[in-house]
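What follows is a single structure, and I will ask about it in a moment.
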Amino acid sequence: MTTQASLVRQITDFAHRADPYPLYEELRRTPVLHEEEGGPYVISSYYDIEALLHDPRISSDAANLAAAGADELSQAENTGLPPSFIRLDPPAHDRLRRIANSAFGPPHTPRRVDDMRGELAAIVTGLIDGFGDARRIDLVDRFAYPFPVTVICRLLGVPREDEPRFRAWVDPLVASLDPETREEAGADFAKSAQEARTQLGMYLAGLVEQRTREPRGDLLSDLVHSRGPDGAMTMMEVLSTAVLLLIAGHETTVNLIANGMLTLLRHPEILRRLREDPRLAVNVVEELLRYEPPVQMVPQRTCIADIEVRGVTIPKGSRIWLVLAAGNRDPERFPDPGRFDPDRGDIQHLGFGSGIHSCFGAPLARLEAQIALAELARRLDNPRLVQDPPPYRRNAVLRGPRHLEIAFDGLR
Amino acid sequence: MRLVVDLNKCQGYAQCAFLAPDVFALHGEEALLYDPRAAEEQRERLARAVAACPVQAITADGLDGAGGATAEAGQGESGGR
Amino acid sequence: MVADYLERLRREGRIVIVGASLAGLRAAETLRAEGFAGSLTLIGDEPYEPYDRPPLSKAVLLGRASARHTELPHRREIDAKWRLGVAATGLDLTAKRVRLADGDEVEYDRLLIATGVRARPWPKEEEARLDGVCVLRTRDDAARLYQRLRSGPRRVVVIGAGFAGSEVASACREKGIPVTVAERAGAPLVGALGGAIGAVAADLQLENGVDLRTRVTVTALEGDAIGRVRAVHLSDESVVEADVVVVSLGSQRNTEWLTGSGLGAGPRGVACDAGCRAFDFRGIVTDDVFVAGDVARSPHALFGYQFLSLEHWGNAVAQAETAAHNMICHGADRRPHLWMPAFWSSQFGVNIKSVGVPPMGEQLMITQGSLAERRFVGVYGHQGRTVAAVTFDNARWLEFYQRQIEQGAPFPVEFPTVDRRPEGRQPVPADFPDPSLPTHGPTVTLSGYSPADRQLVFTPARH
């Protein structure tokens, strides 16, 4: 039997990474869980999460979070680079996001993502062709990781061959999002995350500087040269936005694709249907975002007023965790929530969050995952899992397999 | 294919305008414009847009794609709030 | 007995829906979805399948959609008999018959009235007949207006700056057409959102090059020798030359066909209870006549049980679903229509959305953002309660405020919010015009408490 007092620690405990869902179920029995003094208020029901994502008394501002204590990430952000828009409230958030969006999507650049479809398909084909004669591969290292990395590099204008360099900075930054790692590693770790963010910023500054002189039509160039009604980003704003997009642009999609293939291999009937009808990929990906969301929780919010959730008063200044993955399997919202069912008509998931901070790159992530999974289903002959469950990455927030060994009989 | 968007539900996430830019467009930062009659060659993109809408605001008929005959993701009454 | 009747109604009864637009279609679909297997007849005065109106003043005028192709998608097969292009002209409650313009009669066991509204025409008939004088309500109206705008008019005059008029003006400016807007109130949108927000809408128009004339009425439309409109005369004695005039003075409810039927129907619509059952003129609820959509007015628990007439797209859908459900189920299974009023408009590239009943509000607080930036959330208060909210390009926050209204949250808003500016610390007057004066495009009409009130004095808008 588990005790209430240890539930949050169990969730962040690496030992439970492969299947946190029974813990989430337990979590939902106490929809507003506050286990220890100074600890977070953990919200796990669909409707509560959805409401708080639209609640103007909830702040994402790094400064508010630091005031709430125990936020190592805000220290990591304290590096001379200003916070990125994910860690700001309006109006600063809205301004930066609008400028970033003007380079990425409608109304200013409506075709950027749609125009990438052919390129995405070509990258996928190249990676699958690259499996060659192998009959057993690690799908993460050979496909799920290199695909989104290549995409975000091309989109931003970061040289693909620099990946080993920036990976060395990205890894500690991403690890710093993991509550358990932060707690175990302590101050040294926070320091190394700061260091990594600074290094990554300096690396990107070199690229940005080139674009300042010589625009190239990539996103970095457009960020540098944006001159809309919101004015231009400062150089520091460009850098923190670029750091955010580079990391968020692949660290989540790798998990979406790896979780996706893992789930399909556990549901061979749906994999077979996807092979026969690639259009099914659309609903497969939406259901994946509900069933195995790559971002499991949002642990970076505070409330700027006393708020009441299900009769519990959360005092002003408290930290709040919104466990998206628990909400996505809330039986109050979805019938038979533990079943992977792309045919359920109603898949209004929390996988990309909601409200003003909803995932910036969602349309690109959707297309990447749709194309990737449809092509893997079509081309791999008799694919199967070598190890179930596979080994997982440590991270409880950005959750996914570290490796996904699969065997197959050949390529089609 | 005929379609309609419940603009009371729409919150301007613009997934549709990213994924089917010939059918849906943003007018300013948040307001959505769309063509209620999508051309046949937009079928696949329209299906992606309908499925991607974070608030399930798009109703289309004549999409016999993978999502089943009616491409309405969760109607008002059934979709919770 | 009752159970037998209902069983038979569901199996082989006759349901007639008068009004073949959004509410009519959604009601028909709901009836079939809930197992109604009898005969279903839809009667519509326009010769078209149900189509969607909101795009007519936006995407259609901008040339991004065709007026002829805004038909609504169907949620399911409805297997109905369509009587299109023929208006209903009378109702016999005793014989349970609807009379049609072509002399035909259609019998029903249960009737749904969803005849909606029409554009209020220019009151002087001779002037209204001038070539170039338009209204915008139907797809034919939109097709004609689109053609006129395409032919490059020297100037368009829009009479009335409600939502529809403002959207027309927005489309004109986007197409580079000079446009003058004449509005009786001090600013656009005041009937729906009050003067404080109206001032923002006025700035938006001026900044986009609209020649906005407020606190004026139109005294005459002047034609040329061959019957084309050539100028508009205003109450401040000025004259504006124009070759297109769009009359945008709100709407009139299509209830004339019910005159003498014994239903509680009049210029303010057809009164019904919360279950969508129509009242007769004595205030007694009927059991086989139901009402939905723009033509209905029904009591709302959240707003003091006032009878609300809602010219809202979402209301038409929700009320149709509720009415259809209630038409074919037992009393205990019936649902009240408790839809939260909500609407949207987009004009000059700004997305305007609202929930609740703004005209009830005496005061307004800008709880997020700023009026000057035209990105904000405004909250309306009435007697210490939050009753409505409006957003300009801030739609993602609106559902929070909807819950505040549902909970009867206190007003003024005491709690802090992100993006609160100094201007949002204190309430200001919402500044609605005198409610006894009819406004065009109010979208919500508070029509008192008495369901079959025959004492109304209705004053048409005079411009």
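The letters A, B and C name the chains in turn, as written, and every chain counts its residues from 1.
As a convention for this text, a contact is a pair of C-beta atoms (placed from the backbone, for glycine too) under 8 Å apart; a residue touches a chain by one contact, two chains touch by 3 or more.
In this text the structure is predicted, and so the values were computed from the model without any measurement.
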Considering A-C alongside A-B, which chain pair is linked by more C-beta pairs in contact? A-B
So which chain is farthest from chain C, going by the mean of the CA atoms in each chain? A
Geometric centre distance via CA averages, chain B-chain A, whole Å: 24
Starting from the mean Cα coordinates of chain A and chain C, work out the distance between those two points in Å. 42
Chain A residues touching 2+ other chains are 354
Within chain B, the set of residues that touch 2 or more other chains is 25, 27-29, 72, 81
Within chain C, the set of residues that touch 2 or more other chains is 396, 399
Complex contact set, residues of chain B against chain A: 13-15, 17-21, 25-29, 44-45, 47-48, 51-52, 54-56, 65-68, 72-74, 78-81
Name, in rising order, each residue of chain B that touches chain C in their complex. 1-4, 6-8, 10-12, 25, 27-37, 59-62, 70, 72, 75-77, 81
Give the list of chain A residues in touch with chain B in this complex. 46-47, 98, 105-107, 110-111, 113-114, 277, 279-283, 286, 333, 343, 345-348, 352, 354, 358, 362-364, 366-367, 370
Chain A touches which residues of chain C in the complex? 367-369, 373, 375, 377, 396-397, 399-400, 403, 415-419
Which residues of chain A touch chain C once you look at their complex with the stated criterion? 51, 54-59, 61, 89-91, 94, 304-306, 354-356
